[in-house]
Amino acid sequence: MNTVLLSIGVLLAVAMIGVAWLTIRATRIATAMLAAGLVSLFASVLFLFLAAPDVAMTEAAIGSGLTTFLFFFVLGRVRGGQS
Amino acid sequence: MDWIAMATGFILILMGLYGALTNRNILRIIVSFSVANTGVNLVLVAVGYMRGRTAPILDEAVPMTDAVTRIIDPLPQALVLTAIVIGLGVTALMLTYAYKLYEEKGTLDISKCRDLKW
Amino acid sequence: MVSPLYIIAVGLGAAFLLGLLPEKWQRAAYGVTLLALALMGWIAGSWLWAFALQGAAPVEIFTAGTQPPFAINFRVGLAEASLALLMALTGLHAALYMRDTLFKQGRRAMAVLLIFVMATCGVIFTRDLFNLFVFMELVVISTGGLVLLSADRRALGAGLKYLIVSQLVSILMLVGMVFAYHATGTLNIDGMAAAQADLFKGGALAFFLMLMAVLAELKPFPANGWGLDIYESAHPAFAALFSAATGAATVYAADKLLLIGGAQWLPLASAIGIVTFVVANIFALVQDNDRRLLGYSSIAQVGLILTVIGQRDLLGEQYYFVAGGILLAHAVAKAGLFWLSGLVAARGLGDWAALRGHPVLVFAFVTFIALLVGLPPFPGFYAKWELAHALAANGQLWLLGLILFGALLEAAYLFRWFGYVLKREQPQAGLLLQAIKEDVALSAVVVAWLLAYLWGELSGQGNLLHAIPLLFALLFLPLDWLPAKLKNGLAIAGLVGWFYLHYPSYDALQLIFAAVMLPGGAIILLASFQTQQRRVGFYPAAMLMFAGLAMLIEAKTSFAFFAAWELLTVGSYFLILRGKHSEPHALSYIVFSLGGAFLMLAGFALAAQGVPDFKIAALAQVAEPFAPWVFALLAIGFMTKTAAVGVHIWLPGAHAEAETDVSPLVSGILLKAGLFGLFVLLMTMGKQQLYGVELTHVMLWIGAISALIGNLLAIFQEDAKRLLAYSSIGQMGYALFGLAMMNHLGWLMALMFVINHYIYKSMLFLSVGGVAKRTGTRDMYRMGGLITLMPLSFIATLIGIIAVSGVPPLSGFGGRWIFYNAIMTAEYRLPMVIIFLAGPIAFLYLFRLIHTIFLGQLKDELRTVKEAPFWIVLPQMIFVVALLVFALIPGMALRHVDAYLAPFFGGQNGLDWAGLTITSEFGYWSPVSIMLIIGVIFATLFAWLLFVNRRAQPVKQFNIVFAGERPFRPETTHFAWNFFAPYRKALGFLTQPLVTIFWETLTELLHSAADILRRMYTGNGQTYAIHLLAFVIIVYLLWMGGL
Amino acid sequence: MIRRFAVFLLLLGLGAIFADLLLGYTPSEELNLTARYYAEHTAQDLGAANIVTAIVVTYRGLDTLGEVTVLFLTATIIGMVLARGRKHRALQRQLPAAGELLTTGSRLLVPLILLLGVYVFVNGHLTPGGGFQGGAIVASAALLLLLTDPLKRFSHRLIAVMEAVSGLFFIGLGVLGLVYAGGFLDSRVLPNGAFGTLFSAGVMPIIYSFIGLKVGAEFTSMLTHLAETEQS
Amino acid sequence: MRIPWALLTLFIVINYGLLMTALVQKIGARVGRRHGIPIWQNYIDMIKNYALRTSITHGVMFYLGPVFRLSGGVGLLLFVPSIYGSEMFANFSFAGDLILALYFVFFGTLGMALGAAESGHPYSAIGITRGLSQMTAAELPFALAVFAVALQYQTLSVTEIVAAQQGGVLHWTLFTNPLAVAAAMMSFLGSMMRPPFDVVLAPQEIPIGPPTEYHSSFLAMMQTNRALFPVAKIVVYMNLFFGGAGSWPEFFLKVFLIYMVSAFVGVVFPRFRVEQSIRWFLIWAVPLGILAVVLV
């Protein structure tokens, strides 16, 4: 049980770091934004493992949900910012 | 688990900051900061975590009487809740700024936004 | 009493309520805003009242009905209440000031403002770390909103930079906080402070991160570029809030946070603070944008307060007095200045010249600057005094030096700015006057003076605002609308009256100085009767100087002495600045004077060693390791005022460019203040040795070289008043020399110079001033032949130069005679050589003065020139009489001083005053006989010559032997320009402006360093964030590495 | 490139600090003083099952008030900034209508989502979740509506009133605590009630509901303000 | 009672001065194989000038110049005792000591400068600048020497200084303090307005210098002073450095010899420009003076 959890945790961590790399280095901003949302989502899973359901819910709803939407809202209005 | 989370959190913070300090696009900076914020939240929760205990919610599984020995520290979680929301607030504000700046200057390159200096 | 929590509740509630109001109801929304702010202020004020006047104990406020570590608690005491009142009041004023903007932006902007004020109050009240973080975030975000109220579009960028940096800050804060919580098991600040003992290594690191986060909000160097951008671009009312409210609140947060770390972290705070203070002030030197300059100044001030916080343990119970004094002074002054900046249309410093047409606004500006610089009677002055004493008593001399250096820089750019206000060309843009904005700015003036009174009451040194001379000077402010003649009469009456009432209590030395300064000043002021208009600003300044002088003479304690010193310095600065082209010279005067004053402050502080109420007389008991340093610091301070060589470069311009009746005031009277100080110093401390060098010996050389250089430079001046000014340097050199000889007659000679120099230099300045007034120039080669047109001025000048030159029978000879007797017993002989050389050189410039102005060829354009106005001539004639009387019976004044000085030199009188002949150990001198003999010879010969030539025929101007031709142009015939050309060939190398070059290079270096280094503020928000990161890492390496 | 290197070096330094923290970290075996108090007293004193909620709403209610204020502030500023200069904009261009599926789906889903949100924040003191989460869920309903019809104008007035009223109630309840109970935001204005039931824990569920409403309103307000900016 | 004696002193000294200056000039001429002026030439000049009745004036100060000048000379003479030990010829030395004499020298200089400047002639002004410039440097070694002598005898009273030198030639300051005397004598050369330091008056060329505009009785008064002043000044030197004079013959002899020093030097050296003479004094005379002061 513990090892399983642990390996899932490590997996999550590695995934998060990978996705985070995508966030800061992706060529397209949209990708970066999606990746950031994904990091948040992974984090909320990790929060569950850390016995923090409240935080997990919040992170999922706000961190990965609303924030990502906000990003895209703005992205859509600035044409990616390159001009 | 807590070690993993904490280390991941720190790494996320560093990566987020790296992104925020090297990318020129303001949107990317904001996105990077949100990653760093996630990292901070991870660290915070990880500090409150105690091995072998459960969430600080009292129910049938965790009766009131042995809560002290069964639950983990609830305080960091409360802090993280607040921190997340504050983070969203700041992010939203920065996004608004980015939008207005774009309206104003037609670019989101932060190095072009240097009319105040010295 | 209403719970302080209601401050939070009211602020928030009103902000939420605004959302309920319909969009159109702007007025109602505005009313709610004002009401809420006023209510918050009232609550804070009522608590302040309770704490301050009813001695209530600080209250703890628990939330959630639970004890502190488990729930958030507030603490409200005196400091919190006063800061909260400050927040509410600045908020209220900001709301009033921004009325138009708020109406335009609607209720949302008002809500943001309310929350901003509420949040700053929260930062101050809360004792919970995370709650502190929340409130700080609120401050950050509301700042992000309020920045956008600016009409300046660049504010958008500034706000973004701020948000980027604060993201970084909040990351540091949160990480640090959670580890600190982990280490101590509490988030309560006091709880953490109590648990300090078990802060293990991780705890220290955690604390370090939190400290960095809070300090970063204080805009430490170099992590402060974003702050500057906000100051520059924000709405002035918000910039005022940002500087006053945010600054004060964050400082208080830092203060609370440092409780956790304990004493070992305090040095770090001091180090960061002082670096910020000095560097920000250096950078400010090269600023031309007013708001950015104020921004730099804000950063610097906050740095200073941080330094003070770091010295909390040293200051003990004075801590709140000192830190509070500086903090409140900064807040009020900065708010006031930002508010004023909203009235000025353009952003260059020179554009503030538009204020000039509004004396009330100029007064406001002066008040704010004095408040910032910490001049008496404002709180910063008391605070600086206590701070310097605490630092000196505890050996923190480097810190003291840096603080004073930074303060001097700050004074330099602020006074330079003030010079612009009074002297620069009025800009096109002008002012954007609006009654409400003016009122807001002026209310800050009122608060400033209230604070001045309050701090005076709180200080253990006595309230300067109870000093009658100062009050008398201030009285002239409201009376400034009266005609000048009336004010002049009042001023003269005041001077004479004060002297009349007080002279019985003076000892001989005080009496001499007081007589020269007060009734002496009254005589010079007679000349001021000739002004016609109201002469706005002259009398407050002049009387401020006289107040300082009057207080200086009576000062018993070092505090009273220093306060008087600063008053007279500032007063004279304003006087000098009145001259038409005196802007740069007045600046260099005030910078040198304040520099000297700061050295004195350091000297007094070092001498007192923490003793409160240090008596001047106690200087005699200063013990060995400090004594020579005290002596040196004080001596340099005084010598700055007497313009000894090395620190003399301010004098020529300042004295020459001053107005006609101001030059004699600052030359004839003001210079004596320095001599008075030196007298007091030498009488109490005597000879001191530093590294085996006798300091009085050094002074002897300085005096001699001053005499030589002053005289030498005087002969090469084309400008009559500059000539006299350089001559003053030389004369003061003589006096310094006399003092430094450390023998009875030397001191007597110095006193003789006090009287003589007052009389003849005042006379000459008035005479030359009158001529300059009539001819419209001060260049001597443009004059000539005025003897027939201005005979009275000529007589005054003639008597004056005979007296200055030391030729018998006039009083100057007495000085020389005593001098020779004094050097007979002096220990050092070499410096005499220089004095001997300097002596005859005086003839050169004196002759030049009288020849090129009054003799020689009259110029065509000056043929209709009239005698100087009556009121300028009258004091000259009084001086002529005084000079003759003093020449005849010098003993009248000097014998008393001689007797007074006797106890310092074995109890014997230095001279024998019996009968008409004055006798010394070596020689004798009978002024009356000399006068009689010379008079008889002179009169006989003159009568004879007149008789022989009774039919002599006066000839026309050009009827001279001119190689058989007659010159027709006076310009070519009047030999005046480059008068002593051969002398320049022979000794011109001595006039190399080495000292000027030295100081200019120093200034230049500072400026260019500032100009290069400030380019680190590239304007890129990312760079600023990197600065912050670098700041954290560098401090980590330097501090934690060494911990 | 130099900048990157500098940032890298500096972050290396920060990493060192973090590493220091990480290596110096020893997980605690026992609850510390504060946490122990919460574990022992929350249920008895406040009657809340979810200790995190009790902390968020009551013990550290002031933080939460601040947090709500942060959102309010952000929403207000966004409104302020984006309202500026919008008036003279040309009115809506016609955009392609959203797909049938989305439109119908949203009609069905929105009430459900709203209900879920309300459920989450009403039960905040018992189960995981609460005002923030619920508020976010409510806001996502609004988001859905926005997605289906980008030109849909939400009633700003309604949002503003909801925001303001719930905020005022929040403060009002807090002040009630100050007046009638142990201090500001004390939830024991109402009796604690039966542990574990909906109507327990004093005013905690009420406050959390208002928080939920307010958060929802604020999120919605932010989203609509952003949405109403023109697609440029 | 002092006044008649003082007038007698004055009378003696003026006549002696007139004769001596003429004599020195004659000696100079004879050395140069010229015939030279008659010994009473000065009297002729003076009488002629005083007798002239055509006079013009440039203003008040124009009168005062010669008056100042002659007052300076007379005063200097009378403030110093002429004959040591003689109550009659102690003059008005009770009024002041050495310092008075030292500073009174400037009285005439200053007055002259003023009067000449009033004339409005540029050459006068140029002459004055030269004179004053040179004086500042020339006076320095003298002042140092006086200081050294005063230190040596621990008094400022001229009478006491002379008294201390009595009892043989070797007690003269000349031998007890040769450095000071050397410095003072160098200064003396400069103050005598004789070559090589006579650029101030430049008597050989067109009349340049302070007296350019003076004529008739004005000039006569100055000529009187020109006879009186060198003697008065030499009296000071004599008293300070050469043992003073116990009787009138000794007085005449010593004054003549001291005056001859400057005459000799003047014959040998060419004229200095002002800056040259300043440098000369500073380089050669001042160090001697400093040494004198330091070594006393």
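Each chain carries a letter (A, B, C, D and E) given by its place in the written order, and its residues are counted from 1.
Keep in mind that, in the parts below, contacts are C-beta pairs under 8 Å (C-beta built on N, C-alpha and C of every residue); 3 or more make two chains touch, one makes a residue touch a chain.
Small disclaimer: the values here were computed from a predicted structure and weren't measured.
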Common touching chains of subunit C and subunit B: D
Each chain counted as touching subunit A and subunit E at once: none
From subunit A, the most remote chain by mean C-alpha position: E
Selected pair, greater C-beta contact count between A-D and A-B: A-B
Far-end chain from subunit D, centres as C-alpha averages: E
Chain with minimal offset from the mean of all protein Cα atoms: C
Centre-of-Cα separation between subunit E and subunit D, whole angstrom: 106
Where subunit B and subunit D are represented by their mean Cα positions, the distance between them in whole Å: 15
For subunit A paired with subunit C, centre-to-centre distance based on mean C-alpha positions, whole Å: 59
Length of the line joining the C-alpha centres of subunit C and subunit E, rounded to whole Å: 53
Residues within subunit C bordering two or more other chains: 130, 134, 137, 141, 144-145, 175, 179, 182, 187, 1022, 1026, 1029
Subunit A residues counted as touching two or more neighbouring chains: 53-54, 58, 62, 66, 70, 73-74, 77-78
Per-residue overlap in subunit B, given as positions that touch at least 2 other chains: 2, 7, 13, 17-18, 21-22, 26, 37, 47-49, 55-57, 75, 77, 79, 81-82, 84-86, 88-90, 92-93, 95-96, 98-100
Every chain pair in contact, whichever chains are involved: A-B, A-D, B-C, B-D, C-D, C-E
Of all residues in subunit A, those that touch subunit D in their complex: 53-54, 56-58, 61-62, 65-66, 69-70, 73-74, 76-79
Contact footprint of subunit C on subunit B as seen in their complex: 13, 17, 20-22, 24, 26, 29, 33, 36-37, 40, 43-44, 47-48, 75-76, 79, 82-83, 86, 89-90, 93-94, 97-98, 100-101, 104, 110-111, 113-118
Of subunit D, residues touching subunit C in the complex: 3, 6-7, 10-11, 13-14, 17-18, 20-21, 24-25, 28, 32-35, 37-38, 41, 45, 58-63, 65-67, 69-70, 72-74, 76-77, 79-81, 83-84, 160-161, 163-165, 167-168, 171-172, 174-175, 177-178, 181-188
Touching residues on subunit B, where the partner in the complex is subunit A: 1-2, 4-5, 7-8, 11-12, 15-16, 18-19, 22-23, 25-28, 30-32, 34-35, 37-38, 41-42, 45-46, 48-49, 53-57, 72, 77, 80-81, 84-85, 87-88, 91-92, 95-96, 98-99, 102, 106-109
Contact footprint of subunit D on subunit C as seen in their complex: 3, 5-6, 8-9, 12-13, 15-20, 61-66, 69-72, 105-106, 108-109, 111-112, 115, 119, 122, 126, 128, 130-131, 134-135, 137-138, 141-142, 144-145, 148, 175, 179, 182, 184-187, 200-202, 205-206, 208-209, 1022, 1026, 1029-1030, 1032-1033, 1036-1037
